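Please see the structure below; I have some questions.
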Amino acid sequence: MSTKHKIDLYALTWRLPIILWQLIFFVGPVVFMIAISFFVVKNYRMTEAFEFVNWQRMLTRGYFWDSYWYTLFIASLSAAIAMMLAFPAAWALAFRASENLRRGAVFLLIIPFFTSYLVRTFSWYVILAESGVLNAMLGYVGLGPFKMLNTHFGTVVGYLTLTLPLAVILQTVTMANIDKTLVEAARNLGCKPLATIWRVVLPLSKTGFVVTALFCFILAFGDFVAPFYLGGSQEPTLPILILDTTKSGQQWPRAAVVAIMMMLTLFAVAFTAIMLAYRKPKVAR
Amino acid sequence: MHGRGLNIILGVYVALIFTFVFAPIFFSLVFSFNSQRFPTIPLGEFSTEWYAKILSDPDIWQAVRNSVIVSTTTAILATTLGFCTAYTDFRYNFRFKGPYLALILLPPTIPLIIMALAMLAWLSRLGLSGQLWSIIMAHSVLTAPFAMAIIRLRLHQMDPDLEAAAWNLGGTEWQAMRHVIVPFCMPAIISSLCLTAAVSFDEFAVAWFVSGLNKTVPIVILEIVQGNIDPQVNAIGTFVFLTSISLVVAAQVIFISRQIKSHS
Amino acid sequence: MEKSNKKQQKHYLRRDVLRIGGGVVLSTPFVGRAWAQTTEINMLAWYGHGEPDMVGAFEEANNVKFVPKYYAGGDNMLALIAQSPPGTYDIILSDGEFVQQLNAAGYIEALDPNDYPFEDMLHEDFTKFPGHWDGDTLYSMILRGGHLGVSYNTTAMSAEEASSYEGFWKPELKGKVGHFDWHLPNLGMMSLKNGNGAGLWDLTGDQWQAVQDTTMSLRQQVGGFFDYGGTFNGLKNGEMLAMCGIGDWITGVLERDGAPVASVIPKEGGIQFTESYCIGKGSSKADLVKSFIQYMLSPEGQVKSAQMLAYPGFCVTKAGRAMLQEVDPKEAKRSHQMDGMPNDPIALINEGRIHYRDIPQQQSLEDWNDFWSEYKNA
Amino acid sequence: MTEPLVTFRNVEKRFGDFVAVRNMVLDIHEGEFLAIMGSSGCGKTTTLRMLAGLEAPTAGEIRMAGRLMNDVKPHERDTPLVWQSLALFPFLTARENVEFGLKMRGVGAAERKRRALDWLDRMQIADFAERNVATLSGGQKQRVALARSLVMEPKMLLLDEPLSALDANLVIRMQGVLTKLQKELGITFVYVTHSQSEAFAMADRVVIMSQGDIAQVGSPKDIYRTPANRFVAEFVGRNNILSGKVLGGDAKGMQIATPQGTFTAQTPQTPLAPGQSVSFAVSADLLTLSETEPDTVNKAQATLISEEFIGSLVTLFLEGADGMEFKVQMQERALMDLDLSPGATLWLGWDAASASILSEG
């Protein structure tokens, strides 16, 4: 706590190694990736250079932009669906469930996070197949079969596998932390239940919800497993494009271009979201 | 507020959500004991064939061994990184604290596939790719923020006077760290070790890119899914599930339940 | 650079011991630690080539252990080699048409032709396979081949319909046609459909445009793009009723499993994939690898290749074929590897209905690849 | 007196632009009970933290027994602190908490235990020695905290509002415990508080701080009866503060003209020139109240506004000329024969000795 200008060995011990570690293993790779996007590939070998050819090539390709808008769309859509599906459950857990029940539910929802996502995806594959579990069950009640695999539906189911538990957990925790008396006060003042949610619960949970939606978006945006195995990679999302690009002929520089475009998009989305989340709520909406 | 009917509807809804979340886990378990190579309805016979197969495959044992090495080392490294950052954030104020915190907190916002690409390119440039170490370095960066968050939350609950009290009673800064900060954070440290180990144990995108010829369990799963797809995947999945779940339960029992309790 | 890629690791378990039973294994998983050190051979190959059914017996006999890295396409293979230090891979299983590029880039060692049974080849093409020789120097040893045509679900398509690539456009198949996610075999087939015949890889600008148009017209039929596992699963569970870009190498596995699928070589002609072994440049285990290649070219090895669990390929040696007929007549019959049988792969080659897979002659691989990405996004 | 235990010489502490302590000059003597008092943000806690070495002065010198302490680290000092939050280690038992300092100083386990139990016994909580501190009551925790500091056998004990979290009854009890301890041990207590009653009840000397400055140092009685300046007068007790201009005066008294009339106050040590602006304070309990004009030196008429009872003590609020509010404090029975209906006009009276001139500061 001294204000001396001597080198404080103790303070540096907790600071310097982390800075170094993160510079080498986090900043390093990201910066290097940016550098790579200017390299060129000759005979399947990457050669150092400073050329814009990769940028030019990728950004002028129709399929890049098709993938880009599709990925943005499907990731946003699945984040929105995850948020909406999660809300009633989270609301019930936050306001209607006992504390023990809530804790148990959150605990259960943590479990899937630590089971293999690949295995769960593979399981969906079997469930959603035309001859799969779900269609068989629907068949008993005379419905279907429906084509669910290799469709946008399949992709979204895959994304939800990843994001829905997270959305429910974060929403529940957010709403459980709302001061209950505010909700009761609103009810007491004659606010109808739905209006209470709209005028009291949602504004109070805004920050938490925006962050939750952002996480859902990030997870879906960067996932290649769901669109590939459940969506039949049509249309290919950006992560699949990255894989395709690296697979075909060491085109790392072009993959780097795609990756950088993804990062820029994410930063833009995250920035907007954070601005939204921390903006002062309008009074009396 | 009104009543029973709403509660029932909500209960059913929550049950549906849980069904969605647990269906793949449940069916994976079922298929792992199903004799068919390509599971369809109706199911085939009960069989432990796939378990016998993975248990007798030395490559899978090697992968398990690799995964254990990677996840424990990652857990220790990430928790150390997380602890240092959390403590620095708790204790100090300095000019570039914002960037400093961003440095450790940003990685999860970057999609794994991008991290994977960048890591491989960078590590092979440094001559560090294709080894177990490569996975560990990448995973430690990816999981440290979770460790940081857990430990920071715990420190947030600590009376800041405790550390000063230790100095005041004649302890050096190092002694205070050892006898006060670390014991106080111990539950969070253990939780963090469990959680980071579990995350690392299941991560495949980055591991797949940087691992070279060293395979961890999720990479083996990925290769089976990409290649000779068969219910071994489910058997391994069940195994991974059991491992992760014991780690998570440990973490839960020790720390998380306390967090939720004190926050609601 | 680093030696670690080649670093010797202890071989923990021996397969035969483990086959005794899982329970024993579970209690003593690392019992093999004290055993003699095993030489590791790094293999770069398509999925399945490093699995126990292929290499297990050789590993046993020679106290070696194969460490496989699987790739997904020839350009992927080249990329993987390019980004690894020389000597990383001891043995490379390459598609025939990529050998030339491997050689040009200096990734592979020369072989001694006297080591291998060239006198016993089933077809003269196999002795002087394109790209495998540079003048009189041998660089790659052919292992096996397979034919690509129309693969289909026999309940959804008749053999008649499948006998032309036209079959993919059958209205009932809308959304049920799948692609193996690699441009070469798919675009090759479209080129054959356009009647380019033997010139399927040597396309003028107009022809290339026509191939693109033909391909695009198929897009509405397409239900997905799959890797090996996905192709497999899609055909098996009926999600896909016809697949473009594959052949018996996938349907054969499913047939063995009792699925109603088949592959035929349509009247426009079929494509042959050819798989060949190369020795990685700078490998310190070239002698071991050589004896492995010899082993795989022996009748025993050829039978293993024909029976390979991941996907079958036909024998290239007469002795291998004879032995297959003897030890596994069922598989020999299923794969038509019997003289006088219709669709005998060797007979198909003799009839001129088979074209070896190659890389585009007038366009770059990149152009094809770019079009493929566009097509996927369409 | 012997050489002071602690000397502050022109000590200043800044946090960025904020000056927490300004040009502090203060001696702390051996064996005294010194209270530092002030409202929050006045610098009292910063002063204490500088004594403990938790903050280093920005300028000036702090010496302990002659030794310059500015840059001596906290753990190299002998200044145990009883924290406002108590800062007991929640993962340790009561005994382990008390042992902590000894452990840091490398005292052997057996010796540590003996001394810790000894002190716990002395604080009458030996029964709870092996209990986790989280399970103890507020008063018990307080005693553990005291024992933890005193087991170090310091020459000086620092206390930072240690009683602020306790309920009123317990505060009185603990005040007794603290004064008794201090007398028995004969060591210096430096006690920081915002509570007048605590400071005045226990301390030998009180330091009153305001915005980083020392406003007054003195015995409780000095401060109460003769506040040095307007701040102290307003802060301490219930003072009536009147402002005006000096007319003149001699050693016996000074005449001051105010909007409420001309009054005589005690002559300060530094005489004031006529015409100078000045304030003086009269403690509320030194005012007399009557229906007829009193025969005191100073008198003024005022209208009763309201009254406030605390037990048998009554505070009356009256309005004098120019809207000046007077406060009068007295026993209830002394008011028996007065007409106390609101709006009644009453006479206030006080002696010149009761009115002390405040230095402007």
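The first chain written gets the first letter, and so on, giving A, B, C and D; residue counts start at 1 in each chain.
Just so it is clear, contacts are C-beta pairs under 8 Å (C-beta built on N, C-alpha and C of every residue); 3 or more make two chains touch, one makes a residue touch a chain.
As the structure is a computational prediction, the values presented were derived from the model and not from experiment.
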Centre-most chain, if every chain is reduced to its averaged C-alpha atoms:
B
In terms of CA centroid distance, which chain is the most far removed from chain C?
D
Please work out which of A-B and B-C is bridged by more C-beta pairs in contact, and write that pair.
A-B
Whole-Å distance, chain C centre to chain D centre, using C-alpha means?
91
Taking each chain's centre as its mean C-alpha position, how far apart are chain A and chain B in Å?
17
When the centre of a chain is set as the mean of its C-alpha atoms, what distance in Å lies between chain A and chain D?
58
Centre-to-centre distance between chain C and chain B (centres being mean Cα positions), rounded to whole Å
37
In chain A, residues with contacts to at least two other chains:
1, 126, 129, 131-132, 229, 246
Where in chain D do residues touch two or more of the other chains?
54, 73-74
By the touch definition above, chain B meets two or more other chains at residues 40, 164, 173, 225, 229
Please give the residue numbers of chain A that touch chain C in the complex, ascending.
43-46, 61-63, 66-67, 70, 125-126, 129-132, 147, 149-150, 228-229, 231-236, 241, 244, 246-250
Given the complex with chain B, which residues does chain A contribute to the contact?
1, 10-11, 13-15, 17-19, 21-23, 25-30, 32-33, 36, 85-86, 88-89, 91-93, 96, 99, 102-103, 105-124, 126-127, 129, 131-133, 136, 160-161, 164-165, 168, 173, 176-177, 187, 193, 218, 221-224, 229, 239, 242-243, 246, 252, 255-256, 259, 262-263, 266, 270
Going by the contact rule set out above, which residues of chain B touch chain C in the complex?
37-38, 40, 48, 51-52, 55-58, 61-62, 65, 124, 127, 130-131, 212-213, 223-229
Contacting residues of chain B [partner chain D, same complex]
159, 161-162, 164-173, 175, 179-180, 183-184, 186
Touching chain A in the complex: which residues of chain C?
72-73, 75-76, 78-79, 81-83, 101, 104-105, 175, 178, 181, 222-227, 230, 233-234, 237-239, 365-366, 369-370, 373-374, 376-377
